[in-house]
Structure formats: C-alpha cells, structure tokens
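Right after this note come the structures.
Common to both upcoming complexes is chain A, partnered first by chain B, then by chain C.
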Partner chain A sequence: MYSKGFKPLAIATVVAIAVSFALVFFYAPLDADQGFVQKIFYVHVPMAIVALCGFVAGGIMAIKHLRSGDRSWDMRSYVAIHLSIILGTGVLITGAIWAKASWGHWWLWDEPVLVSFLIVFLLYCVYYPLRFSIEDPDRQARYSSVFAIAAGAFVPINFAAVRLAEAVTHPRVLSQTGGNLPGEMRLTFLVSIVAMALLFVTLWKLELTAKNASMQLKRLRTTLELRSAT
Partner chain B sequence: MPALPLDEAGQYVAGAYLVFLTLIVVYVAIIGAKVSRIDRELGELVELAEEEWR
Partner chain C sequence: MIRTASAILRKDLTIELRTKESVPAMTLFTVTVYVLFHFGLDRDSLDGELASGVLWVTLLLAAVIGVTRLFATEREQGGIDSLLLAPVDRTALFVAKATALFLYLLLLEIVAVPVFGLLLLGPDLFAAFPELAAILLLADIGLAAVGALVSALAAETRARELIVPLLLLPLVVPLLIGAASATEPLLREGGTSEDLGRYLALLGGYDLVFVLIALAVFDYLLDD
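Up next, the complex of A and B:
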C-alpha cells in the first residue's frame, strides 16, 4: 500500500526528531533572559514555519489542479492544508503555554504575530465547511482549489504585514541578523525545522496513501457490485 | 518578567512538548485505524470476488 520511499522517510523522520530533542535538552544552552522556558521555542517556531509553508504548498498544489484538471492535485492540496491546520492547533496551544510562562498571559490581543496567526488559522478553518458543503466532486475540488490559492496568497502577505508592524513583544526569529541566535541555538533550531519538515512530509504521504487506498477501494466495490448485478 | 525557576518552567516546557507529541500520536492513530479498516474491507472484497468467480 505504501510507496517504496515511505519506510526510509519515516525512519529518517523519527531519527531527526530524536536528534532534535536531544539537541534541545542536552546541547542548546539556556537562554540568558528566559531560562528553561525558552526550550518551547524549538517546537513552537518550527511548527509555525512548517504550518505556514504547508498552507502555501497547498495553494501551489491547488494551482496545479486548476491548470491540469488532475484531481489528485486537489487531494494533495487538501491533505497539506489539513496537516497544516493540525500543526496550527499545536502552534496556538504551545504559543499560549509559552506566553503564559514568559509574559504571564495566555494570550495578548495587541500582539500582531499572535493575532495574525490566529486570523490565518481561522481563515483555513473555513476551508472544511466550504469543501464538504459541495457534493459534486468536480465542483468541490474546483472551489476548494480556488479557496486554497486565495488563502495561500494571503499567508505571505500577512507575514510581510506583520513584519512591518512596529510594536512587537513577540521575538523575531527570521531576521536579517539571524535573530541573534548563538551558534548552538541556531544549529538546534535548524535541526528542529528539518525534523518538523520531515514529519510534515511523512504524515502528508501517510494520509495521502490512506486517502488513495480508500478511493480505490470504493471504485473496486462499485465495479464488483455492477458485475454481480449483471 | 524574570526567568521562572527550573521546576516551574519545567512544567510549561513539558506541557508544550506533550501537546506536540499528543497531536502527532492521535493523528497517526487515526490514520492507522483508517488504514487497518481499508485493509479489512479489501480482504472482504477479495473473498467476495473469489466467490463470484467460483
């Protein structure tokens, strides 16, 4: 059922996550300002980056669907968005935990980074009712792709708008100065991003395999029922 | 705000990492259950097809 490259990919993902956790807890130094709480950074930020990239990737796959008419691209887009929403949930929860530990509040409504991520997340939550309210499969795929493209274009625009905002409590990681991370922290952060990206690709392939198998099973069942009826 | 003491900070860090691991484990369990259902249904269809051709 699984493609040939799936097993090595899954093993690489598990190894990368184990290495990243080991680096986080045994290699990266404690932050001078936040202390041990800063360790949340290594799970929260990579999750946010990969989730946002997943939304954009979903939009690119949707473009491929509209250009080619191949519905497998719509399925790929759907799975990418679905996974990004799951990671987005993780980002919001871990972010709230980190905010409570370092700022004393679970949420700050006047903080552009937090609110903009919530807006993106809520925007994509609309994707599900839109998609599943349409019964015709072709129309469903087409409308979902249009939504995925429009929302995917909104993600980098939103990101740029937040960068231009002035009052920011939230630390900036991706800056031209490298976010002022010392060498050990930067290495740990980069390994964490790679591990998170590998996890995303592995889970994306896993869900896609399950979806494809489910669709093939449906087709097989229909064919067998037609044969037994004649 | 000053840095939290290690025991208090540890609870927040553990909570954040547990959230991440829980999300992944629940997701993999749901997909795993789906795959095993597909596998079972496929077995039933194979049996059905073999009976048809007998």
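Up next, the complex of A and C:
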C-alpha cells in the first residue's frame, strides 16, 4: 500500500542528488570570504529545512490520525518524526562544522537558528521514550499523536521566541537562508532543497513499506502458530 | 462543565490541603536550590541577568515537581478509573487540573519570590513589584496549561517521573526566554525595561497557543 510509485520516486531522488552534488562542486562559485567550506551550506540548510518541515508534517499527520482514528496515519507521523530526528542530528553536526570553519567556534549561542534547532531537537528526542513506554498499541498511537501535534505547534513559537530574544542584543544583518544569494548559488541551493526533500520522501516510503511488511509478517506468523496449535 | 471542573478542583485542593504533598515540597525545593546556587556561584547577592536566570530556572524546576504529582494521586489509588467512568468531560478535567496547578504555582511564588529577595537578591524586590507580578501571572498560565497537558501525556507511561521533566523543560524554553528577559531589567539597580511590552506579548501569545492546543487534544488523552 505504501510502495505505490516507489520506483520512479527513487530514480528521481538519485538523479536529483547527483545533479545537486554536481552543481555544488562544479557549478556554484566559491564563496569570497569562506572559500570551499561554505559548500556545506548546500547540505546543512536544506537538511534543516526538510527536518523542520518533517516535524510539522508529522504533526499534521497526527491530526489526521486523531480525526479519522486510522492508525496508519500514526505510523506515517512516527516515521516522519523519526527521519526528521536523523536529519536533525546531521543538521547539528554540519552546523557545528560550518560554525567552526567560518566563525572559529563549534557552537555559537547568538545564532538563533542554531539554538532554536537544538531546542526543537531536544524536545523531539523525548518522542521515543514517550512512545515506547506505552504498551497498549492503541493508546501508544493516540498519545504519540498528541505529542506530535503539541510539538509541531511548538516549532514556530520556539523559533519566534529565540529570535525575539536575540533580536534585542544582536541585530541580524544578513539572512542565512538565502534571501540575497547570487544567481548560481541560489539555483544550486534550490536544487539541493528539492533533492533533500525527495530523499526524505523516498526514505519515508521505504521505512513505511518495511514497517508494514514486518507487521504483516508478524500477523501471519501468529495466525500460523494458532492454526498449527489447534 | 464549569460545575464539574470546580468539583474536581475542590477535590484536588482538599487532598492537597490534607496531605500537603505538592506545594510544601515545591517550596522546600526552591529554597534548597537557592542555597545550592549561593554555593555553586559563590555569590552573596545577585542582580540583573544572573538574578532573573536563577529565579526562573528554580521556579521552572519546582514546577516539574508539581507537574509530576498532578495526576499521581489518581494513578496510585486508582481514582482515575472512577473519574473516567463518571460522565466527566475531558475538557472539565483539563480545566480543573490546570487551575489546580496554577494555584499551586501561585502559592509557591508567594513564598518563593520574597524568599529569593531575602536570600539572594541584591536590589530591592519591591521596586520590581507590579511588573514582576504581571510576568509571574502570565508565565503561570502558560506553565499550568503545558503542565497539565504534559502530566496527562506522561500519566500512562511506565517512566512517568522520567518523561515529565524531559518533556516539560524543552516545551517551556520560550516561556523562560520571555519571562527571564522581561524580569532581568527589573532586578537591576535603577534598571528600566523598554522591551517589557514585547516580552509580555510573547508570554501572552504562548499562553494562548498552548491553552488552545491543550483544550483541543486533551479529549484524546486519558480515555479507556
């Protein structure tokens, strides 16, 4: 049920990633003051954007689950949050590398985007202990969905709050997400975002298919055991 | 709904009045943490950023205790089953629990903030008063809403005591940002706060969003 259209999607992902890497290395110009290390930007920022969108999408899927009572939506929400956390780890690591290379510190507290991301990441890490310490599967799905909704709404509030706190002391001159990039950089950046989003959707579908298959296998096995017992 | 909510609230307050479980524990905890901060920072008096940070972090940690205990009596004695069997609207339950937590926090602050002024604060506490009271009130509303939601979320898990702090503390970071930044100039000698309105708006917005979210999703918690 989840594997519909998986093959073209996977091919599109591979092509998009190949194109985006080609653009990053051969087309996008070297940054004037940061040099080669600035190219991590084409991995770091798309990863962050996709991870945040994944968190919010997990919340929206959770709303669907609670409204329809269909547990497959909870599974979708869980996989989306799970993948976003994996991407989030990547965001924090690449962010630290970039910060070290261009500002000389592994971590900067006056960088609101980085700090907000850490808070969101810490919150979502609690999703696992919460989810897996509830045994009843129906209740597990419901409680996880409630968490996903509250946390999904928390993401924008948190970004606004951290930015408000920083805005007073550190006015930001240049927006990081590419409001004023030169044309070649912007094209590379957009292609990288598309590639990362495609990668996310592909992995999401793959994980859902795998989870679904292992659940079906389990069900078949129990039926078989019951039948052989009688 | 209001009648049901006030009945549950009355029950909770009676239990609290007789067992004296949450509020005294929270108060004692805050005073102990002040002592810890005194030795940890090796400072006799604090002001400005440091004072507001110590005050707010301590209050939030004390709130964790209140949130952990919020559904504890029902869980331990099995009262939750009878409560859920009775025709009680979940919204009423949420309102009652959040109000109880709000009152606990208020009681805690009535003691803990003057004690802070006495033990650690350098500048005069009364100079900060009307503004500080408004910040405390707004922060309490948000804490009560988020706390009741987190408490209900964690109530069904195996590791309740573990989940509550892990879940509550990241969720209240925006609240801490607003409250601590708004309080900071008030606790400085001769400090004026030009950004107070903005931070109060942040606190108010946070309260509004989380009260609405909690009301919307609480129906799906605690039903069997």
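Everything that follows uses one rule, which is that the second predicted complex is superposed on the first by the 207 of 230 C-alpha atoms of A that agree within 3 Å, B and C clash if a C-alpha of one lies under 4 Å from a C-alpha of the other, contacts with A are read in each partner's own complex, and residues count from 1 in each chain.
Simple rule for what comes next: contacts are C-beta pairs under 8 Å (C-beta built on N, C-alpha and C of every residue); 3 or more make two chains touch, one makes a residue touch a chain.
Keep in mind that this is a model prediction, so the values were computed, not measured.
Undergrad: Touching A:203 in the superposition: chain B (first), chain C (second), both, neither?
TA: first
Undergrad: Please work out whether A:11 is in contact with chain B alone, chain C alone, both, or neither, and reply first, second, both or neither.
TA: After superposition on chain A, A:11 lies in contact with neither partner.
Undergrad: Using the superposition on chain A described above, determine whether A:149 touches chain B (first), chain C (second), both, or neither.
TA: Second partner only.
Undergrad: More residues of chain A are touched by which chain, chain B or chain C?
TA: Between chain B and chain C, the winner on chain A residue contacts is B.
Undergrad: Looking at the overlay, what does A:22 touch: chain B (first), chain C (second), both, or neither?
TA: A:22 contacts neither chain B nor chain C.
Undergrad: Which residues of chain C touch chain A once you look at their complex with the stated criterion?
TA: 149, 153-154, 156-159, 162-163, 166-167, 170-171, 173-174, 177-178, 181, 195, 198-199, 202, 205-206, 209-210, 213-214, 216-217, 220-221
Undergrad: Which positions of chain A touch chain B when the two form their complex?
TA: Checking each residue of chain A against chain B gives 1, 21, 31, 33-37, 39-40, 43-44, 47, 86-87, 89-90, 93-94, 97-98, 100-104, 199, 203, 206-207, 209-210, 213-214, 217, 220-221, 224, 227-228.
Undergrad: Help me check something: in the complex, which residues belonging to chain B touch chain A?
TA: 1, 3-4, 6, 9-10, 12-13, 15-17, 19-20, 23-24, 27-28, 31, 34-35, 38-39, 41-42, 45, 48-49, 52
Undergrad: Show me the residue ranges of chain A that touch chain C in the complex, using the header's touch definition.
TA: 66, 119-120, 122-123, 125-126, 129-130, 133-135, 139, 142-143, 145-147, 149-151, 153-154, 157-158, 160-162, 164-165, 168
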